[in-house]
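Paired with chain B in one complex and with chain C in the other, chain A is shared by the two complexes that follow.
Coming up: the complex of A and B.
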């Protein structure tokens, strides 16, 4: 077993664009749940909006990259309105039901065979990220970071992804220290009390849903960039629940919690994979196969989350007095 | 002044002794200067008329108590007036503005702010943040202005200043930075009331402000409510504590089974036979803690044709329950 290799692989996950995508998706959920108390179980749907918005506008309409991103954002805003208008006047549970169903509807629609020309059906779409890599400011070559060596393309996608995550974190921080953020937190605590103080609760919830949803769409785009492909199977409910795992790991009502949560999630997955596979290949573990070990990792993540909820319900960065998952 | 009837200058609201009603006091009577006028407001839950108010005016610059037995529709009426519930029919105005179909947050912005029977504080915000949330006209509550502190920092300082003054008045200044969840029930009532004053309302509607407040705190709460009037606000409150109603209310409205059954100055309303029957009970002056009181009540009830006491049907109401209670005989058999 090559521990150094396993370790550097795990550390490499910290800055991987997929981690950035998870961080951003979870940050959107932090706006929804951590600050406003909205239960969005359809963040995968918002991510699909971003990813398919970019892919379809690039491939079908030959739109430039920035237009594709814009289309993804606009789609996610429309999706948020579609979900929010009927449900945000009702109790929180209804949004949860509608979002989880709507995200699945999106996935089934893009998988439909009759739409193969546009959405690529189950096979998905490929090769729509040339516009993004054309913007690469780094000269061709390989770059040595502390523990990983990256091609100039990999470097560009990481720099762009984390710059976007940082920007969004600053945005959330600015918003949540403001009186606007205070109204959101008030709604999380008791929306009738906030209403009785003359605030338009419905409008604030909608703004929160839209902002978190746009973060979701950007996360969906970040998720597709390193792969240059989008596949419907990636946008199932388990993606949403991985994002929730990241959020709760880090701390729901914090700005950096979702980022830290996403990093921890991927580092732990990568470490356990490396260690388990290494142990199996080296013959230390004989009673499971590598395929089973892959599943075992997620069981371990589930157990870790349960332990976290029991012993530190506010997450790693959270303040127990302010926000605990109860 | 908006009322145009030559109301006294601020500070004199306490000594204003002019009659509140125009003419005879009674259910639905016209007031000299009403702030809320409700007409034919009804609300049904299934087959029950929870609220069926024919006509009611709430006087301006006065403390009005809304009393009545449990289930009389007081809180439902509160919810209807403030837009938290929609009536089946009826219309009502606040300060001359019609309010039917107006959503609750707009009602609050007009200056009619309520509190809740089950106190609603934002537990996971600090006391100071709770207070700040109550303030009106904070530009930073708009999404795009929220990003730039220079656009809302000034107003925030004003709000904080106002909040500090109120917290001091309500003796919560030492709790400013504590989470509201750590406050006691009585302190939460105080916080909720203080918070409702942040927006400088014209009419404060308090739903059972004394419920669950310890007696030591009651006196200071009463003074706070009286001060609201001195500062030119009108107050409408729901309360069960008759002592409190007598002490601070200028006007009392009595509801029973959804209807307004009596209204008038407290001293007169308490003597009204309809009120005594509906609310206090016909024998409210009996002290049931003493044997003579119970015996006197029994003797009185025995003479009453409508009462079962003294007849064979009196059941467990009478004193001789062991002789009439079937279970007592059963247990006797078991022992034998």
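Coming up: the complex of A and C.
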């Protein structure tokens, strides 16, 4: 077993673009759940909006990259309105059920064979990220960072992804310390109290849903960039639940919690995969196969989510007094 | 409830969690030993074990199996073929869910057996969000191939939809009762459905007759419900854990249980004994025997459940707790006992629903429960969250809607209609068909 290799692989996950995508998706959930108390279980649907918005506008309509991103954002805003209008007046768990159902509807629609020409059905779409890589300011070559060596393309994806995450974090931080953010927190703590102060709770909730959803769409775009492809199977309910795990791991009502949570999530996943696979190949573990080892990691995610929720619901960074649960 | 946090149940809770997983893992040795023995009966060249998705069917001529016929599937850049087994069954494993051309090689048919006149060969097979797809090649003279007109198709879909709706209702009653009595939206209910089918598969693999395996699997489902409540949910209620954290705990439990099942069961689809039963013709309508049997079983069980809820003391107590737990407790009803019984009965019914769902799909897979979880939610929401009879009505509507929609929609979009209807109903009548307004605000 090559411990050094496993360790550097796991550390490399800290700055990987997938981690950035998870961080951004979870940040969207922090706006929804951590600050406003909305139970959005359809973040995968928002991510699919961003990813397919970019892919379809680039491939079908030959739009430039920026237009594709814009289309993804507009789609996610429309999706947020579609979800919010029927459910934001109802009790919290209705939004949970409707968002998860809507995200699955999106997945079924992009998987159907009837729309193969547009969505590529189960096989998905690829080759729509040239516009993004054409913007690469780094000269060709390989770059040596502390523990990883990256090609100029990989470096550009990482720099762009984390710059976006940083920008969004600052945005959330500024929003949440503004009077607008204080109203959101008020809604989370006691909706009726805020309503009695004359605030339009419904409108604030909708704004929160839209903003978090746009973060979701950007996360979906980040998720597709390193792969240059989008596949419907990636946007199932598991993705949403993993984002929730990241969020609750770091701390729901914090700005940096989702980012830290995503980093921890991927480092632990990568580390356990490396160790388990290494041990199996070296013959130390014989009673499970490498496929089963993969499943073992996801069992671990489920158990971790339960234990977190029971024993440390505020997450690593959170404040016990500001827990977002009623 | 928050005002009385208790620390005493914490270690117990942790121990209970561990026990819960131990129970889930109990079937492990049997699983590992038996999976290969009970897998695909056909000596196929494109091994189904190698791929998660399969195309399958049974070749029969006048009710007699036709062995030794070559069947080939091509599409999605893949080609594989197989030979029908002694029981006439064939299975081809394919890498991705998509559209395939399935061809019966007519030269390999035995002497005197021919495709029915007008039968499509090769025919197009499309996966409908499940990991297996069926292809039927009608053999012999005088077999009606394309005869079904719209009216007959509609009746067939109605019967199938009723059967599907009733099995959904069975599985969803537990979900609705648990919500009504404890307020928990249980995302792990889908895995309770899977558990029933998987348990039956393993028990049948041990050599038990199908009916005994089914009964034991249903009992196993009840035990899992009881253990879940005693080990996890009751301690959480005692701690005064909020509903939202409990909902997220149930998501964690769902993930852990789903992948635990996959760990031992594998990613493929397996068939329960008797899954490829004969078709029964009633007048103009042709329907699978298993679908009809499933319809009868669910109708009887639901009738029994309705009787228990309306006529017995326990049923009245359950409805009282669902209506108002505090008031029920004040009138001397042991609320905790009622909730434990609700969990047990919910587990029993979910397991039974899972077995019927495995025959309906057909096939057992680790994520089969997850596939119907949202349809159950749709049924329960449609009927009115927390009401038992609402769950029945809503589920039957969802089942029929799903099947009828296949007359116009692609098969891989059939779940979309039901989920859309749920969202639209929430827009206009959020309390559902039988629900009361105060529950939603």
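Basically, the second predicted complex is superposed on the first by the 323 of 326 C-alpha atoms of A that agree within 3 Å, B and C clash if a C-alpha of one lies under 4 Å from a C-alpha of the other, contacts with A are read in each partner's own complex, and residues count from 1 in each chain.
Going forward, contacts are C-beta pairs under 8 Å (C-beta built on N, C-alpha and C of every residue); 3 or more make two chains touch, one makes a residue touch a chain.
Just so it is clear, the model here is predicted, and its values are computed rather than measured.
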Fit or clash - chain C, chain B, common chain A: fit
Which superposed partner A:174 touches (first chain B, second chain C, both, neither): first
Contacts of A:296 with chain B and chain C, given as first, second, both or neither: second
Comparison of chain B and chain C by chain A residues contacted: C
Chain B versus chain C as contact partner of A:108, first or second or both or neither: second
Partner chain(s) touched by A:136 [first = chain B, second = chain C, both, neither]: neither
First (chain B), second (chain C), both or neither touched by A:201: first
Chain B versus chain C as contact partner of A:18, first or second or both or neither: neither
Which superposed partner A:305 touches (first chain B, second chain C, both, neither): second
Lowest inter-chain C-alpha distance for chain C and chain B in the superposed arrangement, angstrom: 11
Parts of chain A lying in touch with chain B, wherever the complex brings them together: 171, 174-175, 178-183, 185-186, 188-190, 192-201, 207, 321-323
Contact set on chain A toward chain C in their complex: 39, 85-87, 89-94, 96-98, 100-102, 104-105, 108-109, 111-114, 121-123, 237-238, 241, 244-245, 248, 288, 291-292, 295-296, 298-299, 301-311, 313, 325-326
Residue ranges of chain C in contact with chain A within the complex: 10, 13, 17, 21, 76, 96-99, 126-127, 129, 185, 236, 241-245, 247-249, 251-260, 262-263, 267, 370, 374, 377-378, 381, 385, 410, 412-413, 415-416, 419-420, 422-424, 426-427, 430, 439-441
Touching residues (chain side chain B, partner chain A) in the complex: 82, 84, 103-106, 108-109, 113-116, 120-125, 129, 132-134, 136, 138, 140-143, 145-147, 149, 152, 156, 179, 181, 192, 195-196, 198-199
